[in-house]
Structure formats: C-alpha cells, structure tokens
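Same chain, two partners: subunit A is paired with subunit B first, then with subunit C.
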Partner chain A sequence: MIAGSSIISKAVDGLKPLKIPLLATLAAFGIGLVLIVAAGAPLKDALGALQDGMYGTPYALGASLNAAALLALVGGGFVVAARCGLTNVGGEGQINVGALAATAIGLHGAAHLPTPLPVVVPLIAAIIAGAVWGAIAGALKAWRGTNEVISTLLMNFVAIGLVSVAVHEQSLLRQPATSAQTLPNSPPLPEVTHLALLPLGSGSPGTIGIVIAALVLVAVAVLVRRSAFGLKLSSVALGKQAAARAGISPGSMEIAALALAGGAAGLAGGILMLSTPFILRDGFSSGYGFQGLVVGLLARGSAAGVVLAALLFGFLDTGGISLEVGVGVPSTVILIVEAVIVITIAGSAGLKFGRSKVRRATS
Partner chain B sequence: MNLLHDIHMEDVTRAPLQLAVAPTPFSLELRSVTKRYGSVTALEDVSLEVRAGSVHCVLGENGAGKSTLCGIVFGTQRPDAGEVKVDGKRLDARRPADALARGIAMVHQHFSLVGTLTVAENLALGGLRGRRGVREAKQRLRELGDRYDLHVNPDAVVEELSVGERQRVEILKALSSDPRLLVLDEPTAVLPPAEVAALLQLCRRIADDGRAVVLVTHKLAEARAVAERATVLRGGRSIATVDLAAVDDDELVRLMVGRDVGATGGAVAAALGLTAGSGARLLESALPTFGASAINVSRLSLEVQGGAPILDEISLDVRAGEVVGLAGVEGNGQSELARILAGAQHPTRGEQRLAGKDVAALPPRERARLGLAVIPEDRHLEACIDQLSIAENLVLGDLPHYTRFGLLRRGAIAARAKELMSTWDVRAPGPLVAMKTLSGGNQQRVVLARELSRTPLVAVLAAQPTRGLDVGAVVSVLTRLRAAAAAGAGVLIISSELPELLATCHRIAVIHRGRIVGQVLPREPGALERIGTLMSVGAVAS
Partner chain C sequence: MNQVQFAAFLTGGVRLALPVLFAAVGELVSERAGVLNLSLEGMMLSGAFGASVATAASGSALLGVCAGMFVALLFAAGQALLTVSAGANQLVVGIAANALALGVTSFAARHLLHDGAGDRLAGFDQLQIPLLHRLPFVGEALFGQASLAYIGLLLVALTLFALQRTGWGLAVTAVGEDAQAADRAGTPVRLVRTLAILWTGAMAGFGGAFIALADVHAFTQNMTAGRGYLAIVAVIAGGWIGRRVLVACVVFGAATALQFQAEALGIHVPVALLVISPYLLALLAVAGLVGRQRPPRNLTLPFTR
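Then we have the complex of A and B:
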C-alpha cells in the first residue's frame, strides 16, 4: 500500500474479506463473456438480453427476487449449520419434504381455516418437515457419528423419491386422472393458500416470500453474531471437548443446528409451493437446494454474504433464461459462470487454509 | 534424580573458550539469526557455535525461541536474517531433506513415528525400497545397537512400545542416516527420571563418537549432567554462552529468567528441574490440620477389554486445605483419572465423592456447580477454545448469567472478563482478543481465573497444570493453587514434574500402571529418590 493514502488503505483493508469473492466473480464474468462471444451472439445484444432478464421488467425483477429469496433461505440455514461445524448438503431434500408437507396440508384442511391461516399453516408444516429431515441427520451425527455430509446428501434422494411417489399415487397427492394424458402432478393449491404478491409493478410474480426470507436472514444474523445460542454453536464447532466441559451438549447443538438448517430449507420449499404454479411435481425445485448450498458456501458464514450471493445467483438464473430465449446463447453459460465462481472461491479458501496449516505445523 | 548426579564430567575434554581462530570449522554455527512471525520476533540476533565431539545445550524457558531455532536448523523455518553454517559451509535448508543431506538429524519433541508399523519398517520409511529396505534397516539397527548399547526389538510394533522405547527408536532413526550433528528438542520431557539419566549418557556417547550433539532443554540439571557449554536463550535472544563448569545454578537461573529470583526461589528452582532446598518451599513449616474430605475416590477402576486395567482400585482422599500431589510417569493412568474426576469419562466401577456427596453419575457441569474446579491436562482441547475470545472462554460455562432474551449481554461479559483479567494478571490487549494469541502462561491464567473464581470452591483438580509454561507462569500457577488450598479447598495436582510437586504439596501419592503404589511426605529425607523409584518400578525395596 502506498504511504500517505491511509484512508484509502483503510477502506481497502475493510474490503479484504470480500476481495476473493469479488475477484472470483469478475474472473467468472470474463469467462462468461468469452463463452457468449464463442456462441456467436453479438456481445451487446447478449448483455442487453441478460440485463432485461435480470431486472429489465417488473416480471424479471420479481422472478429474480423470488429465486434469491429461496436461495437465501437455504443458504442462511447452511450458515447456521456451518456455525456448528456441520455441512448441510441436504437443502434439496429439505425443500422437497417442506414442499410435500405444505402441499398435503394446503390441499387437505388448511383451505378451510380463517385467514391468514391457510397460508401460515402450510408454511409452518413445511418448516417442521424440513426441520425433522435435518434433525434426523443431526441425530445420526450426534449419536452414531455418521458424517452429516453423507447423510444429508443421501436423504435428498429419499425426499425426492417421496415427492415422486406422492405425485404418482392418486391415493396420495396426484390429481384425479381424467384421461391418459393427466400428468403426474398434484392438483393446484386452492387460491386462499397462495402467497400475497408484492407491489413490484404489474405482472411481477414477487411474493411476500421475499419479505419472509429477509426476516429470516435478519434472525440468522442475530443468532450467529449476538445470541448465546450462536456462541454455543461456535464453541461446539471449535472445541467440542471444552464445550462439553462447560456444560454445553455437543450432540444437542448438532441436532439443533441441522434442524434449523432443515427448517429454513423446508420453509423455502413451502414458499416455492405457495407460489406459481402452485403444483407439486417431479423436479419442481429446479435445484434450489444445491444452489442454496453454494450460496451458503460463498457467504463464508455471514448473513449479509448470504444475501449478496443469493441476489447474485437469483439474478443470474433469471437472466440466463432470457439470454437463451432472446439471443440463443445457451443458459448453461450462466451455470458455467456460477461454477467458476464457486471453484475459484473454494480453491482460494483451500489455499489459504493450506498455508496456515503449514505454518502451524512448523512453528 | 540421584542418577543424574552420577554422570559427572571428569571424562569430558572441554573445548577452550574460543577467541583464537578455531583449527577446524564448527559443526554448527549460527550467525545473527533473526526470525519474525508478523509483528512477533521469535529469534533476534542469535549466534551459536557447536563443535564436533561435544554436547552443547540450548537452555531457555518455554517461549524463549528454542523450537524456532530447531526449526531453522532443520529447514522447516527460514531465517529472516543471519546465516547458518554447517562444517564451515553455509546451510540454506528449505526443507528437512536439505538438512538431512548435510548430515543434520533431529529428534523432535513429539515423535514422528508411524505407530502401526514395526521399528524396522519405521526406519525404512522414506527409502522406498520395500522389503530390502526393511532388511537393511534391521542390519543398521543391530550395528547402531551394538555401537551405542541401544537395543530395541526391530520387529516390535511401535505403538506397543513404552514412551522411553519409542524415543530410543526415534534416536536410532536419527542416527541411521549417520549424521554429523544431532539435535534433540526437549527430549526428556516425556521420560521418567531413570530414563532421563540413560538418555543423557547416550548423548554423551554419541558426542564421544565424534558427532556434535545439541540438546535443547529448560532443565538446568540435565544441562549440567551432560554438556560442556550452554547457550542461554531468553525472549528470542542469545543472552550468553557459558562454560557450565564456570557458572553456578543461581547465575544460570538469573540468565534464563532474567531477574534475581530470591523471593520465589523454591518454585523457580522447581520449575527448572532443580530440587528446592527444604527452606525454599512454598509450604509453611508446620503441617496444618486439614478439614473434611473434599475429593474422595474409593476403589476406582477403569478396565478395557483384553488389556491390563488402566486404573486399578484407586483410592485417594484429599481434605479441605490440603494439597495432594499425584506423581507418575505419563501414561500410567493419571490422565484417565483426571478425566474421570472431572466427569468427562466413566470408570468401570468405584465411588467418587465431592465434599461427601456422591458425584459418580454427574456430568462436568454439575460437578462444577458443586464447587469442583478443573484445570484439564490438555489446555487446547479440554480447557479453552482457542479461536474464541478471552471473554467468551471465561463465561462459556455460565452463559445464562450473561444472557438476556437469548442475546449475549456483551457489556456485562466484557466487564466480568476485565475484572478477572486484572485479578488474575492475564496479560492481553483486551478481553476480546482470541485465546490463541496469548502465551501458554496467560492462557493458563485465564483457565485458572475461570475455574478458581467459582463460588463455592470446594475442590481443585489440576492435571499437569504447569506443562509448557515459562518459569514465571509456573510460579504463579503453583502459588494460586496453594492459595486455593489456604482458602479451604482440597487441591489435587497430577503432575510428572517432581520438583514442582515437592515444592507445592503436603503429601504426594505415586501412580504406577494404574495403581497407587505409595505415598510420600515431601519433608521426609530422600523423598525425591523414593518417588522416582516408585514412579519407575512401582515399589521401593525396603
């Protein structure tokens, strides 16, 4: 740093934690631009289409924010579990069981309740289902030492399978088959259960799910930084034995952490169900669980980081669709950009970790 | 320890203090070596000369820079300034292999052996020559064994060997590359007294064989027993290089600690491995009368399937106001006993009482509530969480007091931490700095502050409470433990540092292979020797 520019250098120091993610994002965008050119689209048109798709219209803005809200919920849950030293790879499964519970309750019973219960009750059911799904992995970890990465990952497939079974069986959630062409879907949820729309302009699909996600992320920030519970989670992650000596039960903390992570992802599943098209079917979540996991990884343990990463990915996702429809560039370009961001950040984090390990070993 | 004094230096040819040009280059020479870690200077302007055929001691307290110095010689650290010469030629070691290639071998404080392999296989490691390498290693082991009278079964699996035997393997491994310079980093810390003497004799023999030996230690008695000359490190600087025959203990202590130690002489001497004179104890002269039982265990056993019991019918009573020491070579069950008493592990059977209450079924937290303070053996694993702040570590066990509506009362936590830090003399920039940035002594003071400020304080269990601490910190820890007893707590100190126990305890029990094999009063004549014998063989010939 150049001497004399202390204010600038201080500002730069403050941004240091973000340096790697920012550089990674820039590098990834560079690669994305190269790919767009390689795909033969005029750069200017492509960027215009991307911009339109991200926030150019009320529809695009609402769709982007909706996606960001779901990603932020999963990512926020990931951060809570990470606080306890656990990696929740089970966001996708937790979304699935959350959506399953919300659909079941929304179709059977909730509709007849007084407002706002037809919306609230399915969402609570989704939270509980996701929390239970997470807590199972937590209990396996606490009682049997099962690696939570494996258990949460495998439970994704169980949950996805459950949804599939439910929408294929008429005795469960499949819509009544009126002809051979009836798709294996649930019937649409009744209108009283639909989430209210935010006034983001005409045609915008943005729901109050965005507000709910924002509130949850505020809660995550408080929990992580200011609460006694957050300190207990960290203490288990950083020194299990010392925490146990201080009367903190590591097992309970692990179960609670994964239950909270699962609850947040389950809530995302519930919100997803109570938004258009209100139908549960195979593949309904389009990978929000796995992308939310990436958001959580990028956030490096901070709630604000989750919000930033979720917004980035939310906007990119919707922009990618417009890119494909508008100028014919495959939307997979966006996936590549996202993947490059992840690999760059994960790689550089590993590099730093590796160095500090070497220093410790030799000092 | 009497064995230590048997090794005298009549047979040692002392190199003249050099001012004249040396006829042959030094085996090892450090010139103005400096090493910094960020803002911390680990070594500053350190110079050192070691001749072939001699044992040279590097003496210094914990934190004086001894391990950094070893790292620089062995190539795991790079000096920021200065140079290292081996046999007169500059050594530019970037990795251990460079140092090995120049004939430097090192025996580390922590063993670098693969536990599941045999002795010979461990020696053959790194050679990548398969069975042939193992055969050659066996041959080499025989040669070295004959040469240095250092025999180990080459087919024994390392993890089944005792600590002393493992160290012998470690030394054999170092010698197998036929080094010209052997560096031993705190090799005696893990050994019982009799094996310490044997190790020192071995060092002598290796030096007599024409090699140079650098012995890094903080124990004066060991330096005296084996080395001709010593370089004293303090705060990362080489304070002096002395001819050990020409300076007395007081002078050496002053060089190491950096101040006159008059008032605290007994404990300081204890911390340096010297036996304190009877007058220099922390103990009052008359035996006080003690109160009711504070810690009581009876017929406590810990058994493992298919092995000798780790603890075998241990019975022990510590009364209010009493300081009881439990001496033993590491690995004789005392770590398990400490964990059991803290509530972190369950015994196979046996009773445990705290101030008369049956606590056998209680977890650590409940025992703490009844007034048990625990200074665990492994500070970084059991006592504190390195990445959390001092303040967080201080209140972690008492969070409900510092929480409102689920949120931490940061002001109250910081205030409490500041108060404890000033009472317990914790030196740190503030209560919010991470534990890992503190020196070992200050970390231990944080643990003491948290544990000993309990109310009520009925009993104190301190397991290896001075391990890795510098002299000043050792003295303060022992003084605080004594003060806790004087205030009415029953104190049990588990330690392998005999001089410290002798200076601090009213009574010392000795544990050997999971049994309490005897009790010794520190004031008895020959107490140290008796404890030493009990520790190594489990019985004293009467």
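Then we have the complex of A and C:
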C-alpha cells in the first residue's frame, strides 16, 4: 500500500515540471485556433489538415520525426555545453559546416568506398567539422576570455557564408551549369551515400538518422548525469578556481564541452545532407540551429526534456506546411504558436528560478 | 572605376548603412546596460510593418514613422518585461520574439495590407542639401540622402551624447558592468535596463521605418532580412564604443553595396566572401586579435538582488 502510494506520488512529482510547458502549449494552441478562424478557414478542416500534416500519413510521421531528430541533436549538444556553464548559440553554424563537410566528402571520394563507409565517412566528417567549429569558440573562451555567446553567434554567420561561397563557385561545390541546371546548388549526393529509410510505412521519408539521434541523446543523458566527465564539466560551471585546485583544467573542459556541442550539431548537418533532397544550397537548414538552441534551453539540462521539446517542434513545423498547402492558412500561424510557447515557458522559468539561481561564473 | 560609379557606390553604401546604424546605436544602449537583444531583428521588422500600415492608411509618411517607432516600442516593452522584470533568458526570448515578429507581421500583412496596399507607399524623397551635395565623390552620399536620414542622424548624435556625457549614460554603463555594485550604490538597475531596452526599440523601429519608407517604399514579408542581426554584429565589431560602431556600420554598408555593384565595378571576388567579412572582422575584434575589446561585464546576465 505505502509503497504503491509513494510510487504514485513520485510519478506526480515527476510530472510537475511539465505543468508550465503544458499550460503554455495549451494557451498557445488557443491563440493558434483564433488565428486559424481569423484566416477564414473552417476550424474542422484546418485541424484535420494539421493532424494529417503532423502524423496522419506515413509521409507526415517520417518528416516530423526527421525534423525532431535534428532538433534533438542540436538541443542535446546545447545541454552538454550548458553543463559546463557555456551557452552554445552556434548550432546553426555548426550544422552548416557539418553539412559542408559531408557534402564535400560525399561528392568527392566517399562514394567509391565499400558499404557502409559511403554513409559513415561523410557523417564522421560532419561531426569533426562541427566539433572543430565549436572548439574554436571554446579555445577563444579558454585562452582569450572571449564571451562564447558572442563568438558562437558570429561564427553562425561565417559558416552560412562559407556554404554560400561553396555553392556559388564552380571550382568548389556548385553543380556544373547546363541548360537545365543553373541554380547555385551542389549536385545531388550519389545514391550510395543516402541514409537508409526506417520501415515507417510506404512513402515515409523517416531515416535511420532518427535512431542515431536517439542513441546520441541516451549518450548525452549518461554523460551529463552519470559520468565523471559530466561531473568535471559541472565543477567548472560552479567555480573555475575550485575546479583547477581539484586538478581539472577549466580551459580544456570548456574546449571539450563546445567541441561536443558542435559535434552533435555538425552530425545534425550531416544527417540533413544525407536525407532528401541531398542537395546543399543557401538556406538549406531552415533555422534548425536556432530552433535547436531553443529546444536545449527549454529542456533545462535534461535529455528527456530535449526529446520532448524536439518532438513538439518537429511535429508542429511539419504540420504547419500541410496547414498552408491543405486549407490555405499561412504556416506563419505555427511560427506564432511556437513563439508563444517558448516565450511563456522562458518567462515563467525566469520568474520561478531567476531569483535564487547561482550567478553564472564570469571570466 | 570612374567618379560616377564610385559616387553611386558610396551613396548606396551609406543608404544601406543608415538603418543598420540607427538600430545599432539603439542596441548599443541596451548592451552597455547588460542586455543583449537578439530580438533587434524583430523590432526592426515590426517597426517597418507599423510604419507601412500607418502610412498606407493615413497617407502620411511622418505619421508612419511615429507608428513604426510606437509598434517597435511595444515590442521592446514585451522584451523588457520578460528579461528584466521576469528575469527570463535573454537569448531564448530574443530568438522567439524574432519568430513572433515574423509570424505576426506576415499574418497581419495579409489582412491589413491586402490588394497591394503595401506595394507603393508614400515615403521620404531625397533631400539635396544646396551646394554641399555637389561636392565630388562624397557629396551625394552625405548630403543627398532621404530627409528622414537626417532626423535619424540627429537621434544617433543625441543617443551617443547621452551615453557618453551625461549621468544617465554613466548609470547605463555602471549597470552593464556590475549590476550588483550599481544596485548597492542606489542605481535603480531594473528601471535603467527597461528604459535602455525601450530606447533600443524606438531606434530599431525608426530603422525599420527607414527601410520601408525611405529605401524600399513598400512592405514585403521578412523585409529586414537579417539587418537586425547585422546591427548587433556592428555593436560587437565596434567594441561597444559609439564612434567605432558608427565606423563598423559604414564598413558593413559599403561591403553590402559592393556585393550589388562588384560586377559593374569590375571587381572579381565571390559575393559571399563580402557577406562574411563583417562577421569575420567582428570575430577577430572580439577575440582580441585586432585590438583588445571587452563586452560589458554583465552582458546577458539577468539581475538578481
């Protein structure tokens, strides 16, 4: 009896952190409904289209999970860096360099390797590129004291620009111009490099990237909560001098933390490239980096929270497209709903925890 | 490159630099007070939208500018309420606020600016200051801009003066460097930060209105296209110092203008390299590889007593 009730009360306690996110989501959906009516679409049709677009068809389900996997990778990386007291704003840039590396390797060299290397090698290249991109910000922080929020923010734009240079220059990754192919894109990656599809039903684009992301998130959970390395990371966040006296090099930890965060986001970029449409072009990442940052921040350090937030945004993003195509409600409604969710959660989190939180160690 | 081409390049560069400068000088005030508004982009976009709707409805561009500043001010008030009063994370609020601004302005434009009402807006014409605009090379660029530009430059001068030469500016800097110490010395930290964010909103709204009414003469979806982010980068590249931020904006404007005119001027560099250069410059500056520059010590830290 007693044991049973304590399990129940534990379960209720476990759900408590979800109260505010749930209320915020409900409130945001209320606003979304009002906007759908204001846009002049019949509510029933619109909700049907949204449902179909989120998970109603194998295609929708696969697309939603694909998006969620990318967001979870970026968010998971964010959580690792946050454990070290660092804010990785650079997910977007790390996705871009990851995709750039995966495309370069996938187009030149990887295709002739024996299976499964044509898939594995570009993904590893993406991880390395993202990790290097993150480690640069980490090294600037460790050696020059550069605020990582600012350096990672700036490096986003540099990486986006590098992708742009690569796809505009024929000597780099731009497809050869023919009468039919004139856009500044990379040529499509060869078929041997494409990620395997999961058996989610016919027409589903869901790739094995979803499984990879799930495995990475498990690793993040273990690393952050159950490993000596996670403890070292958090010791740096709590106090650099104390960490140094305990024999932990704060600088190395900072570099490692941002390299891991960058590696995870770089992997997301690689997975994105080895999925449809297999083409690198300007704006290919559609803001997964910034949205992944929001996912990581909302998760408040928990890998499970990352997964939940990533699923929410993944399903909403994909559903919004069908809302626009299906019943002519602009997909910007979904943008508004998502923003309201984020702002409400961030605002209430600040109110609740902002007063007593330990001040972030400043260098 | 002949004189006419060079003058056109300079004029274009200054015209592109101006809205970024207005927003950047506004953002400078916030950042000196310790608040990083990633929502600057959203403030500019909502300013451009407010200015367009009011101008389309009333036919008066001056009223439009006021409306643009007002809408952006409301937007900034939301940012201040969340990040200063509620202590929410500045970055997450900023990113979400940009998404909100993009969503709301795109959605509302379909209702308030339908049937092409936002396509041709009354705006501000070029004002050619007598004699001075005939100066060789720089005349047109400095003395032949839209009349709204000179009002904006006046606001910029006032802001920089207030920041550097008044007690109010001293309070802003104190709050941004060490909010706890400023609080102990009796400075109302939350009030100073709130006012700083509101001023940022007004200036960014002015910048947005400038793009809509003095440059493009129309409203289009996501028309600010990253210029708010560029303004934030200008503040960083300028090392949080007013006159250097001004120089950074002019350099960025010139780089942008060069993209459009590189071909005509016979310069062969990949356009995207020009796009990267401001960010790379800012990164080198903030990394201390080009001059040692330090952000305000309490930047992005919420104040807790």
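Rule of thumb we're sticking to: the second predicted complex is superposed on the first by the 338 of 363 C-alpha atoms of A that agree within 3 Å, B and C clash if a C-alpha of one lies under 4 Å from a C-alpha of the other, contacts with A are read in each partner's own complex, and residues count from 1 in each chain.
Keep this in mind: a residue touches a chain if its C-beta (ideal position, glycine included) is under 8 Å from a C-beta of that chain, and two chains touch if they have at least 3 such contacts.
This structure is a prediction, so every number in the text was calculated from the model and none was measured.
Using the overlay on subunit A, decide if subunit B and subunit C clash or can fit next to each other.
Superposition result for subunit B and subunit C: fit.
By residue count, which of the two partners contacts subunit A more extensively, subunit B or subunit C?
On the superposition, C touches more of the residues of subunit A.
Classify the contacts of A:342 with the two partner chains as first (subunit B alone), second (subunit C alone), both, or neither.
second
Quick check for you: in the superposed arrangement, does A:238 touch first (subunit B), second (subunit C), both or neither?
Only subunit B; A:238 stays clear of subunit C.
Looking at the overlay, does A:228 come into contact with subunit B only (first), subunit C only (second), both, or neither?
Touch status of A:228: first partner only.
After the superposition on A, what does A:248 contact: first (subunit B), second (subunit C), both or neither?
first
When the two structures are overlaid on chain A, which partner does A:140 contact: first (subunit B), second (subunit C), both, or neither?
The answer is second: A:140 touches subunit C but not subunit B.
Rounded to whole Å, what minimum CA distance do you find between subunit B and subunit C in the overlaid structures?
Taking the overlay as described at the top, subunit B lies 5 Å from subunit C at its nearest C-alpha.
Would you tell me the residues on subunit A in contact with subunit B in one complex that are also in contact with subunit C in the other?
Subunit A residues touching both partners: 359, 362.
Any idea which subunit C residues touch subunit A in the complex?
Of all residues in subunit C, those touching subunit A are 36, 82-83, 86-89, 91-93, 95-97, 99-100, 102-104, 106-107, 110-111, 229, 232-233, 236, 270-273, 275-276, 279-280, 282-283, 286-288, 295, 297-302, 304.
If we count contacts the way the header does, which residues on subunit B are in touch with subunit A in the complex?
Touching subunit A: residues 37, 67-68, 71, 76-77, 342, 344, 363-365, 368, 374, 376, 378, 380-388, 392, 396-397, 399-400, 402-403, 406-408, 410 of subunit B.
For subunit A, which residues count as touching subunit C in their complex?
Against subunit C, the touching part of subunit A is residues 35, 38-39, 87, 89, 140, 144, 146-147, 149-151, 153-155, 157-158, 161-162, 164-165, 168-169, 290, 293-294, 297-298, 330, 332-336, 338-340, 342-343, 346-351, 354-357, 359-360, 362.
Under the touch definition given earlier, write down the residues of subunit A that touch subunit B in their complex.
Of all residues in subunit A, those touching subunit B are 222, 226-229, 231-232, 234-235, 238-239, 241-248, 359, 362-363.
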